[in-house]
Amino acid sequence: MATLGFLEYADAPPEVKAVYDDIMTTRQTDYINNFWKALAHDPATLRRTWESIKQVMAPGVLDPLTKEMIYLAVSTTNGCSYCVASHTVAARKAGMSDVQFAELMAVVGMANESNRLATGYQVEIDERFRT
Amino acid sequence: MATLGFLEYADAPPEVKAVYDDIMTTRQTDYINNFWKALAHDPATLRRTWESIKQVMAPGVLDPLTKEMIYLAVSTTNGCSYCVASHTVAARKAGMSDVQFAELMAVVGMANESNRLATGYQVEIDERFRT
Amino acid sequence: MATLGFLEYADAPPEVKAVYDDIMTTRQTDYINNFWKALAHDPATLRRTWESIKQVMAPGVLDPLTKEMIYLAVSTTNGCSYCVASHTVAARKAGMSDVQFAELMAVVGMANESNRLATGYQVEIDERFRT
Amino acid sequence: MATLGFLEYADAPPEVKAVYDDIMTTRQTDYINNFWKALAHDPATLRRTWESIKQVMAPGVLDPLTKEMIYLAVSTTNGCSYCVASHTVAARKAGMSDVQFAELMAVVGMANESNRLATGYQVEIDERFRT
Amino acid sequence: MATLGFLEYADAPPEVKAVYDDIMTTRQTDYINNFWKALAHDPATLRRTWESIKQVMAPGVLDPLTKEMIYLAVSTTNGCSYCVASHTVAARKAGMSDVQFAELMAVVGMANESNRLATGYQVEIDERFRT
Amino acid sequence: MATLGFLEYADAPPEVKAVYDDIMTTRQTDYINNFWKALAHDPATLRRTWESIKQVMAPGVLDPLTKEMIYLAVSTTNGCSYCVASHTVAARKAGMSDVQFAELMAVVGMANESNRLATGYQVEIDERFRT
């Protein structure tokens, strides 16, 4: 299941329940992902991580779908199977179509390829690209 | 500079010049990045890589700016300094503002953090997230 | 199971049995992890890897628990599920409490986040931090 | 320098100055790392990242030196040169000796090696290590 | 199974069948890997990826076995379990013996270890190794 | 230079000199790479790492050139610039031509791309590829 197990709503102390409630309200769902139930044994990390993700994933100059696709691009590159599974669902909920998913993966694939070519060929940064 | 050096336009054989010309036409520029000049000693890889990137980065259901930001998200996660430098410039050319860049980085950062938490806590994939 | 299968004690040649015996004696256990049984088809790598780990993980100026937590931090960052599972158990055997585990993960998560922010923002190394 | 440049104290808006002040007070220094000055163009991310790191790196059941060494282990595994440079200095400030550094690196190296062996040999997780 | 499911030969449109046919002819098999059936929902990416891999993995100055072992070295380092499983089989089909596999893994392991030591010790590149 | 500085031959204690001598004899050179001079402050790690690399990189069923190319494939994938620089030189010394280098990089690039596609599409391992 998870290293410290899952902390279910019914068994959670008030400070965990408060985070669970905020997750369900913010995301308009009655489901708490395993990720949160696994973190909940450490209420401080649960709260900090949730507050950070809530802030970062809120609509800004980037829309929620774009943000979810970036999340999925990173999770894919890191090879995190849990994160790929959960953020694929989240991106779809934010509106990602099959065609958008396929284009996203095509970009992720090419970026990973060209990253290694640049590294392996020891390409010096162009003068005009330096900060 | 680069493992095999840079192949300048003037010194390039016709099949390399043809790729350079297509890059400059497609991107509406007269500048060839070091990346391409480093790859050009292997004309087959130069052509294949360019054709693939041209296809993948062309406008589709995802717009060019979104694609460049995904490229930058992957390059950042892989720690490829050449790619971060060149795709930061490319994303800006595609319209990325400073605020969009900052939001992109905030998402990339959080995704990297939560990827490790999911892995380290050995969180089992939720039944409903399975394919 | 494993690419080359597991080599059980009863079926092992003398040079493998000798390593298995040393593992069991050093770790005061009668259990050989799948990792070692998978490597054992290559007795030279089995011996070299075991001797290296035995030397590196022995008490030094860092205590065994600290070393196991560092091992777990690396395994988490690399996304190695086998290693996370086995070193979580090893760290607990060395005394890691649930609260220590949670603090460890919090640090691992933040380090992964800030690593990417530093890379993505192309932060130049401070003069005073250079070697 | 950095993608968005460095924001110096004198040029910073009040909400950034407040974070800079808290960094200097908490760390008992009059120096602000380039990392923070690069992030400061996005005051929300600056504040969130600083508050998170302050919380995570504060003394807990793990002491500050152990936390800094874990940070360095992760940064090394991710290949983040900025982070390796800055956290090597931070770990030393927290008391890391040359011998402790060398033991840390030895563990990081072996963990990276054995992570890949476990993955490459496709070692199944031992029944007793499953959560 | 896979995010977009598997597209079986009988259900595939002509442009996908054409790629499947070329895969089976080139590899002299009547089996299509799950990888291709998962990609097939995006025929352009299916074709581009297959054409690229066919070109890259064809005999050149490096023989097919060497190329498959390099593929396996990369897949192991990236922690891609699907790729490790499929390319272990592909390398064996290309002639990889158990002893060659074991030597390959030993090199992959040591490279991962020494990569981190070089990074963690912040070793400056030797003047004579610079391009 | 390096975190603990470089330990030059003339300043080295006997146990370090012995390793340096063995490196120079084995590799038929009078040059000690910065990597070894950086590690030398920890003579135990210096010796263990050198003995391991000497054993792993010695001719076996895989020839030295193949081993060096695998090393370079891993170093490229990990983004270790020191290791890419030093092992490019080592591979060339072992006989790698420019064309072999280019083919190596093409394989490394494609492997990195397809690794991410397999992960991102959540491709289930084919029954016949399971160990």
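Each chain gets a letter, A, B, C, D, E and F, in the order it is written, and its residues are counted from 1.
Keep in mind that, in the parts below, a contact is a pair of C-beta atoms (placed from the backbone, for glycine too) under 8 Å apart; a residue touches a chain by one contact, two chains touch by 3 or more.
What you see is a predicted model, and the numbers here were worked out from it, not measured in a lab.
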item: Set of chains adjacent to chain D and to chain E; value: A, B, C, F
item: Chain whose average C-alpha position is farthest from chain E's own; value: D
item: Numbering shared by both copies at the chain D-chain A contact, with half separating same from different; value: same
item: Between chain D and chain B, distance of the C-alpha-averaged centres to the nearest whole Å; value: 27
item: Centre-of-Cα separation between chain F and chain E, whole angstrom; value: 21
item: Averaged-CA centre spacing for the pair chain F and chain A, given as whole angstrom; value: 34
item: Sites on chain D at which at least two other chains make contact; value: 1-4, 44-45, 49, 52, 56, 77-81, 85, 88, 99, 103-106, 108-110, 112-117, 119-122, 124, 131
item: Residues on chain D engaged by chain F in the complex (per definition of touch); value: 79, 88, 98-99, 101-103, 105-106, 109, 122, 124
item: Partner chain F, residues of chain B touching it in the complex; value: 3-4, 41-42, 44-45, 49, 78-80, 131
item: Touching residues on chain E, where the partner in the complex is chain B; value: 1-3, 5, 44, 48, 52, 55, 131
item: Partner chain D, residues of chain C touching it in the complex; value: 1-4, 31, 33-35, 38-39, 45, 49, 52-53, 56-57, 60-62, 66-67, 69-71, 73-75, 77-78, 80-83, 85-86, 88-89, 97, 99-100, 103-104, 106-126, 128-131
item: Partner chain B, residues of chain C touching it in the complex; value: 72, 76-77, 79, 81, 84-85, 88, 104-105, 108-110, 112-117, 119-122
